[in-house]
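Chain naming follows the written order as A, B, C, D and E, and within any one chain the residues start at number 1.
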């Protein structure tokens, strides 16, 4: 994820970051401008008066395409934000587990650094798990199993009472829930028919535009078509980028940093010599 | 569910999968084009000057129909995504149950493989249950009853303490909740009046279009009407497909794969010889 | 609730069920067509050139009215769907309670059929309670009290342990929550001012339409106005019907069927001779 | 809150309740009509041909203002409905508490009527607390403290077991949560900048309208402007009214009635001589 | 946060608070008016008839930009409201903790004032933590650790039973959850690409406007462009301000006041001599 100042207008308007849709769409925009200009030339010099000027078709469909793209943006953003919320839950569960074990276990207990290590390792392995292709072994599950085993052993030895185990239960359950939630987002793109349809619709909308606009706007059509294409395609591109937020793209979530922060805060809480009371 | 690369534009634009609305709507689109052309012919040669050219009516109603279809898309998508979330909860509950029992039961305990089998069987039977017509027996309930009975027996024998049973309770309850949630989505289509109205509205909107557009656009009307119909009907078709996501259509959820993954991961956790601690 | 096939287009377009808005609005549509035709006649023959042709006003307000009606549809649908979700929670709580008691109580225990009866009776009495006018006695509360009393007695006699009672607690609490949620939807229509305003707005919008459209569209105005009225009024009518989903209208929830299914499944689980283990 | 029949169209269209926006906006509407007519007069007789006729500006900004007002309506409605849901939670928590204590305490126990009284008093004091200005004493907190103290004392004396106290815990916690939620809605209006901007925008939109419309619509402008103003201002007025739903306005929630119903139902459950088992 | 009366229309329309977008955008609006007037002058006197008059482009893109800005407003508002809800949860958890400890601990117990102090200190330190730059020490975590340690010590000494500790668990867990939620909102602005694109889009939309409008509207273009810019840029500015609601801006949440109220109410409940029973 890129850190930026959302209030810097000029900076953002004239910045063409490599993830910027303007830069990524430039080749397509140039081709489209040429294509529109070609039609304008044909309309004027080769086959005059064959086309019927109208903006009605694109105005009518303009409602639908705008609303679909905003729905698309909204859906993608919700997936991105749900991903962020899941990692927030991981932070919260990690902290609460550390806070509770810090209160329940005497200072200097050997399980303190061990559990701190396991919690940190879980966040790290989840980051990698979500970026890797499917593997035979499910690392996060394995670490969760060690966490559960460790707390169960503390209970068996009497270091934790049954009530205390119950206090830890929601936090321990959260680990698998976060992992499952992230896998769900990562493995389930929006429905196939929908993705197919939206791209076809943008294509038809843009490609039909010069034919309807050229009789009235001539060479200006190239500019208009390109601008409309830039806007519509940008929305689709951004949605594609943010709907799967666990990679290493410019807009992806800073899961590395979150994992590092979890590791730091948990160690701070559990690994100190003497808990402050 | 079809796996696809959402970033492949050309691939998706020129792919006409059998679930693609373009392919499914083609016969209707051709009929509509003929119908529009017929009206254009009648307007020019048979009954000239009987129609009043206007785009105002379709522009006015264009807002409503666009927004209704986006609302429809949104509703259907939310059902689809809720279905996915329910299966995600099943994954999470299955994993947490396995993780906890792995920690609570000694390695080699005979209930380990048995419970692993029951959890896997639940996911399988739910997949089949949601696809089958109503049957006399409710398989998932039956398997859930065995799961509950098995944990209650472990508690009675002292293999699980009362606290440990309470730790398992939310995960055990999740099974019936997922099943109930999926049945709710499967058995409750959107309200009848609403479905009736939306189809009538699309029909009136499309059928009235050539009468209003022919005086101005002549034979171009066939193209315009067909394109608008393609867009509106596609949205309705996709919504119909995804609103009940538990079948075996191209857009349905991969419940078989999820069930297989649950079976694999649960066996991995519970059925190994010696739990890693 | 009417069972129907959402994929049958022709069937739905040409079906005029008695709950269909087309049938219910027909008298109003005919009156409106006559009214518009009257104004068209007056404009041509009685008071020519008194009206100013414009579509701008209705286009401007067309945005607002469309969005308000979609907001209205959305709100009503959410109430309907929340009602459905509440009954889904009742199913889940009933099943989980039956599953747990089946596991906790020995087979043949006299409380099994009794509790199965109480759970089924709760769903039945809730159906009737939501349809009846306010009565002195609150039947569902009474049955819930018996359910709680029965589980408390099982605990007192030692048939259930304290931990087992805690396992049942969320399911037992769900009964009153479902009942309260349904009563909330049933007793709270959308705010009065809002309902007042929306009906006034539709009325002004439709009644002013012929005056603005007649100079340009003459007798066609009757058709346009009627079609626009059909669409706007249908949305409001459907919203009115589904926003209170507990009656016996065509679009209301099949609470009878859900209650019957709860009764069947709970008896299946609790009342059999010997629980399968 | 006013009880009304949402299906009575004529009744609602021709009813001008004192909370009706039509009645409340009438003075402003008349002033605006005069203002528009004045401009129309000036354009025709005093300074002819100084204005440029256009509907483009208001069409463009019409999208934004419509969507903002629907967003505003939506936000206000959600606050209103959240308020209603919070009072629904209070009903549910009160009932569940009564149901559980009815099952846990023997009939005739002196705490039964006392707790029934406290639950009823909580709902009453919350109604008053939300209507009153900030006071030194927090009555609902005080009553909640007595409820908690009473249940703790029952536990100390052995009338409730630890497990039973845990069963009551979520219901007891709900009281402070409902109170906190209501205070949050009551004390936090929508952001200041946003409220400032929306009123300025409506003002500029309406005031600039006659200048753009007069060249074409002359005296009809007064009617158009007034109608548009009525619609936009009504939406803002209704939103203002319902966004803080705890007062005694026509659209406010019937918290008095809900409190009375809680009192009645709780007494019914707890105060009877012998609980039915 | 500024306290204001949302029903005072004239007050809000003619108030130009320093956070008002009108005041903040004034320089940009003046520059834009000059720029538009310059183009109008050039079109009339320097390079006549080079531009093609059209409102079609801006009408088409007007849908998209309006919907994007409303989506933006909605997203920002949800973050703001989620921040408010999180602080509401802190209030609720603080109160419930105080209510429960008041009931569980005998009056005069030395932990009462100590815990009251810790709860108040948590809210204070969270306010400061969210405003400060990242620091080495995580104050809220430290205070939460002391709270947990104190309750664990009460449990060890027998002042609290295991069941009572379990009753406190959800409230104690809420502290870290609120803190984590606020940090999530504070540290995660909307995706970079999206912010980049939206600002570019507004810029292109506004800058291209005079070129399309000048042939028809001449000097009036300056007024139109400025008004449209005021509306679009205001929405973006307000969204920027409220999306991070934990600072000290005019629209930020009154976290100081909430923290003060928590401190007051908690002390009221816990620190009095003799709890009322």
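Note that in this section contacts are C-beta pairs under 8 Å (C-beta built on N, C-alpha and C of every residue); 3 or more make two chains touch, one makes a residue touch a chain.
If you're wondering where the values come from, they're calculated on a predicted model, not measured in any experiment.
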item	value
Labels of chains that are neighbours to chain C and to chain E	D
Fraction-based call for chain D against chain C, same above half, different below	different
Chain D and chain E: spacing of chain centres that average the CA atoms, whole Å	22
For chain A paired with chain D, centre-to-centre distance based on mean C-alpha positions, whole Å	35
Residues of chain A whose C-beta touches two or more other chains	59, 63, 67, 162-163, 166
Direction chain C, origin chain B - full chain order round the ring	B, C, D, E, A
Contact footprint of chain D on chain E as seen in their complex	1-2, 4, 6-7, 9, 12-13, 15, 17, 19-22, 55, 58-59, 62-63, 66-67, 69-70, 73-74, 77, 80, 84-85, 88-89, 91-92, 95-96, 99-100, 102-104, 161-164, 166-167, 170-171, 213, 216-218, 220, 224, 227-228, 231-232, 234-235, 237-238, 241-242, 250-251, 253, 265, 268-269, 275-277
Residues on chain B engaged by chain C in the complex (per definition of touch)	52, 54, 56-57, 59-61, 63-64, 67-68, 71, 75, 138, 141-142, 144-146, 148-153, 155, 162-163, 165-166, 169, 173, 176-177, 179-181, 183-184, 188-197, 199-201, 203-204, 208, 240, 243
